[in-house]
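You will see two complexes here that share subunit A, one where it goes with subunit B and one where it goes with subunit C.
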Partner chain A sequence: MYKVGIDLGSSYTKGVLVDSSNQIIDYHLVKTGFDFNRSSKRIIDKFSENFKIDLPIYTCGYGREKLEVESVSNSEIMALAEAVYHLYNKKCSVIDIGGQDTKYIKINEIGKVDKFRMNRKCAAGTGSFLEEIAFRLDVSATEFNSFAEQATETIKINSFCTVFAVSEIVGMIKNGLTMPNIVLGIYNSILDRSFELANIDDSLILTGGIPDYHPIILKLIQKKIPNAVSPEKSQFMAAYGSVLLNTKRVN
Partner chain B sequence: MKEKIYTIGIDVGSSLIKASLIEYSANPVILDKRTEKIRKRNPEVVADQVMDSILETHNLTFEDIAYVATTGEGELLKRKKGHFYSMTTHARGGIFMNEGAKTVVDMGALYVRAIKINELGRVLNYKMTGQCASGSGQFVENISKYLGVAIEDVGETSLKATNPEKPSGICSVLAETDVINMVSRGITTPDIIKGIHLSIADKIIKLLTSLKAESPIALTGGMAINHGMVQAIEELAHKANLNYQFVTHQDAIFAGSYGAAIWGGYRYLKLKSDNAIVL
Partner chain C sequence: MAEIVKLQSVSHLRKTMDDYFVRLKDATETGSKKIAWCTSVGPAELLYSMGFEVYFPENHGAMLGAAKVADNYIPIAVAQGYSPDICSYLTSDVGAFLANETPLQKSGLASVPKPDVLVYNTNQCGEVQDWFEYYAKHFDVPIFGIITPLKINELTETIISGVAKQIEELVPELEKISGIKFDLDKFKETTRLSHDGCVLWRQVLETAQNLPAPINFFDSAIHMGPIVVMRGTKYAVDYYKILLAELEDRIKNNIAAVPTEQIRIYWDGMPLWYKLSSMAKLFSGLDTCVVASTYCNSWVFDDLDPENPFYSAGLAYCKLFIVRSDEEKQKVLEKLMDDFSIDGIIYHDSKTCARNSNNRFGLPVRLQESTNIPYLEINGDLNDSRCFSEEQSIIAIETFIDQLKSRKQ
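The block that comes next holds the complex of A and B.
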């Protein structure tokens, strides 16, 4: 029997399929769009093609209470902390860079959440920042990563606000600055916002959609914090954690 | 016969160029006013074209113009004689259109500025939004685009609201998702737009109270001709028991351009009289 965890985020809905020994068997990702039921149904249907799924579904995230299917909902912070502790089994700090928010979670020695902070009122420092800029410049956000790899120097983006940053960047392009250097500046701006959330120590674990698609962000962080790590498929951590929270509770 | 003094004011904004031709005197007369979208072109080229077309319409040559004044982002235009800061031009333009105003609120595409002025239109004090686009015209424009409402119709649409729904955050970028959510929850377009207007009005009222603004307050800039926006500001001021009287003018979007042209005329005469003394 297999369990499904679904993280209903504001931009994407993430699903994981977990076996009885709590190992992830499969991942599936769909755009959230306007209907949480539709996006989660697509995930459940996809997994049901090959596997027999146990109800309830374990959910977390922004849209977790809107499902029609039988489900148990969890806080995404608890879920994220659970998954990270399950994988690393140590006291650590987590930075989760998602589509519309950036979270900082401090986990203690026994896996409990000690501290939590998030940025939720502003797109600066989140995936939306990248997406909006990519949209305005008419490049795909995934191209950004390879751009930044070619950067020769760092440019500082002075604007805090995404809307203003776009105007600033358009001006930079006009003044002949190259895309790779500008894009590196964009990534650094996201990092600055993350590091404003808390004093981050050596035990940093980076999660969320951004490190998955923009691996350069981990490399940039490692310049400051050499021991920082990011789990594979870090976008699915909260979905995984919501299954773990409940199976462990039962056991 | 006294020589006529023609001046041109060019206000270069983030998306729109506003230009005007005036006959300068103690009572300046507006002879022409134009707006032109920049649309990814070089603002300098666009401004030059607008200026040429104004001159042609009035059978004037560039030499007939006593002073070409720029404001906003127009500092780089080569044919200008002088550049004035937006704060001073909006103050002057605001009081020109709304006699007796003691405060001017310029609601532009990127910033909102609240400016306290004296009876001559000089700036006494000001407060502006920084860092964040949440109170700006761009915000309204983005949302209207998502909702498929033409920017000219946003004001009228807002007036039809019955139960306005404010976005949960203030960020212009994140509001996009919020609006998608509202649409899926069945909130009507007027209610969404009114909610956005209220959230901007909230910021403006905060600026005004921290400035200790005095009434009457002239609203200028692109958003001042949006009735829905003005009504939202009035509503919130009333709710906060602030005894503000708001005035606006159909040419509100030209405040910067008029102000620049008027200051240009003033400076032209001043330079002339200074030179006379030297000679």
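The block that comes next holds the complex of A and C.
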């Protein structure tokens, strides 16, 4: 029998299939859209094709209480902390850059959340910020990442507001600045917003969708915090933690 | 989900507030009394002693917020040249005035009562000066202000006497408007009533020191109406005797505001007026009682002394939490954390009320270092619901309560 954890985020719904020894067997990702139940059902159906799934489903994220099947909902931050501590087993800080939220979590020696903070009421510095800019400039995430790899210098993006940031970028293009340098500036602006959440004084674990799709983010962070790491499939950490929160400590 | 236990005193509260509005209506219609507009921590005792009926625009602002109509009016004031970044009590009140609408119409008033004079104190808020000046110009009536120093560290004689003198200097001006000669004995009496009302209000709030608390912040934010608008009258004193008796009875019978209380929260900053009941339900469902708050505790002026009414008004209105330095605020908060057995603090950073958002100069970190009590900051606003991201805040609050429960295990 296998357990399923689902993180119903604002942009994407992330699911993990976990075996009885709490190892992840499979991952699945769908767009959340307008119906949380439908997006989670697509994940459950996909896993059910090859595996016998145990109920309840363990959920977290914005749509965590919207499933029609039996489910147990969890705090996304607690779930994320549980997964990170399970993988790294040490006191550390986490920065999670998701679709709408950027979160900072401080995990203590015994795996409890000592402190957390979320971004202020604004999507600048989150995944939506990058998505909007990429869409407006007609550039894919992969292209975005490779642009930044070619940058020779960074440019400061001043606008807090996503829409005004696009106007600022259009102005930069008009003034002859190169896309690689501008894109590096965009990534750095995301990092600046993340580092506003806390002064990191210990190991840093980077999670969320952004490091999965924009690996340059981790390289840029490592310039400030050399020991920073990001787990593989970091976008699925909260979904994984939802299962662990309900099974690991009980076991 | 845990039920919120409603207070029986609500019917008395409603009558006390209705009667207050009826007195304002009568004064407006008959001209039997002059009407003074006053700020929430202005010299109400002096105005009541000189025969005015007293109207409080800040209370009106809160009513617009609680009635969930502030968002209709803020854009009207913005279009009139008021920034959406300034006090949303101001913008919703001015906007409602321009739309010629008010919740007071339910109490039979055609509009807000026309002032004969406006009197403000900048202690609780500096923007009241601009707010009151709008109406002074519109109605072409006199306006007087008491300017109180801010960020007061040591409360010196100079500061207290300076404010006391400003209050005293209002007397001849107010005599001209009311046509009533100032009577020191009457002022002593309103000061005594204000003092007694404040002591009762403090005792009401202090019942929440009991485990479990018989009253929570969301009740107190509503039940504080009389201490704001009827400070210095017997009506406030009479009401808080009823409320206190009910709360003492609750303690005796072990009746809690949140029956499943596990976590006790301190709320700093303004209420989210448009979300009062849904926030009450949210916390109750999380087995959490918000037992104390900076906002409700701001109306305890028990330094008022009938034997020395001007000086003690200077003292009481400068001792106010909101005009103190962060160092002094921290001392007050440290004591409240102890007195109310607080598990966690929530700071509401109110977009349009910097003065009443105490998280902006590093206080949360310093307080956590000294008390080891975790905190959470949420972004919102007192009246402008567009500044509040509800879903994000709920997730943060739920996580915070999980964090606090996990600390207790």
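Here, the second predicted complex is superposed on the first by the 248 of 251 C-alpha atoms of A that agree within 3 Å, B and C clash if a C-alpha of one lies under 4 Å from a C-alpha of the other, contacts with A are read in each partner's own complex, and residues count from 1 in each chain.
Note that a residue touches a chain if its C-beta (ideal position, glycine included) is under 8 Å from a C-beta of that chain, and two chains touch if they have at least 3 such contacts.
What you see is a predicted model; the values in this text were computed from it and never measured.
Aligning the shared subunit A places subunit B and subunit C in steric conflict. After overlaying the two complexes on the shared chain, residue contacts for A:E109 are found with neither subunit B nor subunit C.
Counting the residues of subunit A touched by each of subunit B and subunit C gives the higher count for B. When the two complexes are overlaid on their common chain A, residue A:E196 makes contact with neither subunit B nor subunit C.
Of the two partner chains placed around the shared chain by superposition, subunit B is the only one that A:D35 touches, whereas subunit C remains out of contact. Applying the stated contact rule after C-alpha superposition, one finds that A:Q100 touches each of subunit B and subunit C.
Contact with neither subunit B nor subunit C is seen for A:D54 once the two complexes are overlaid on the shared chain. In the superposed model, A:F160 lies in contact with subunit B only, and not with subunit C. Of the two partner chains placed around the shared chain by superposition, subunit B is the only one that A:F129 touches, whereas subunit C remains out of contact.
In the overlay built on chain A, none of the stretches 39-47, 75-83 or 147-155 of subunit C clash with subunit B except 75-83. Note: residues 100, 120-121 of subunit A belong to the subunit B contact set and to the subunit C contact set alike, using the contact criterion stated above.
Listing the residues of subunit A that touch subunit B in their complex gives 10-11, 33-35, 100, 120-123, 128-129, 132, 159-164, 167. Against subunit A, in their complex, subunit C makes its touches with residues 374, 377, 379-380, 387-389, 391-392, 395-396, 398-400, 402-403, 406-407. Every residue of subunit A that touches subunit C in the complex is listed here, in rising order: 62, 75-78, 100-101, 112-118, 120-121.
Subunit B contributes residues 14, 110, 131-133, 136, 138-139, 169-174, 177, 180-181, 183-184 to its touches with subunit A in the complex.
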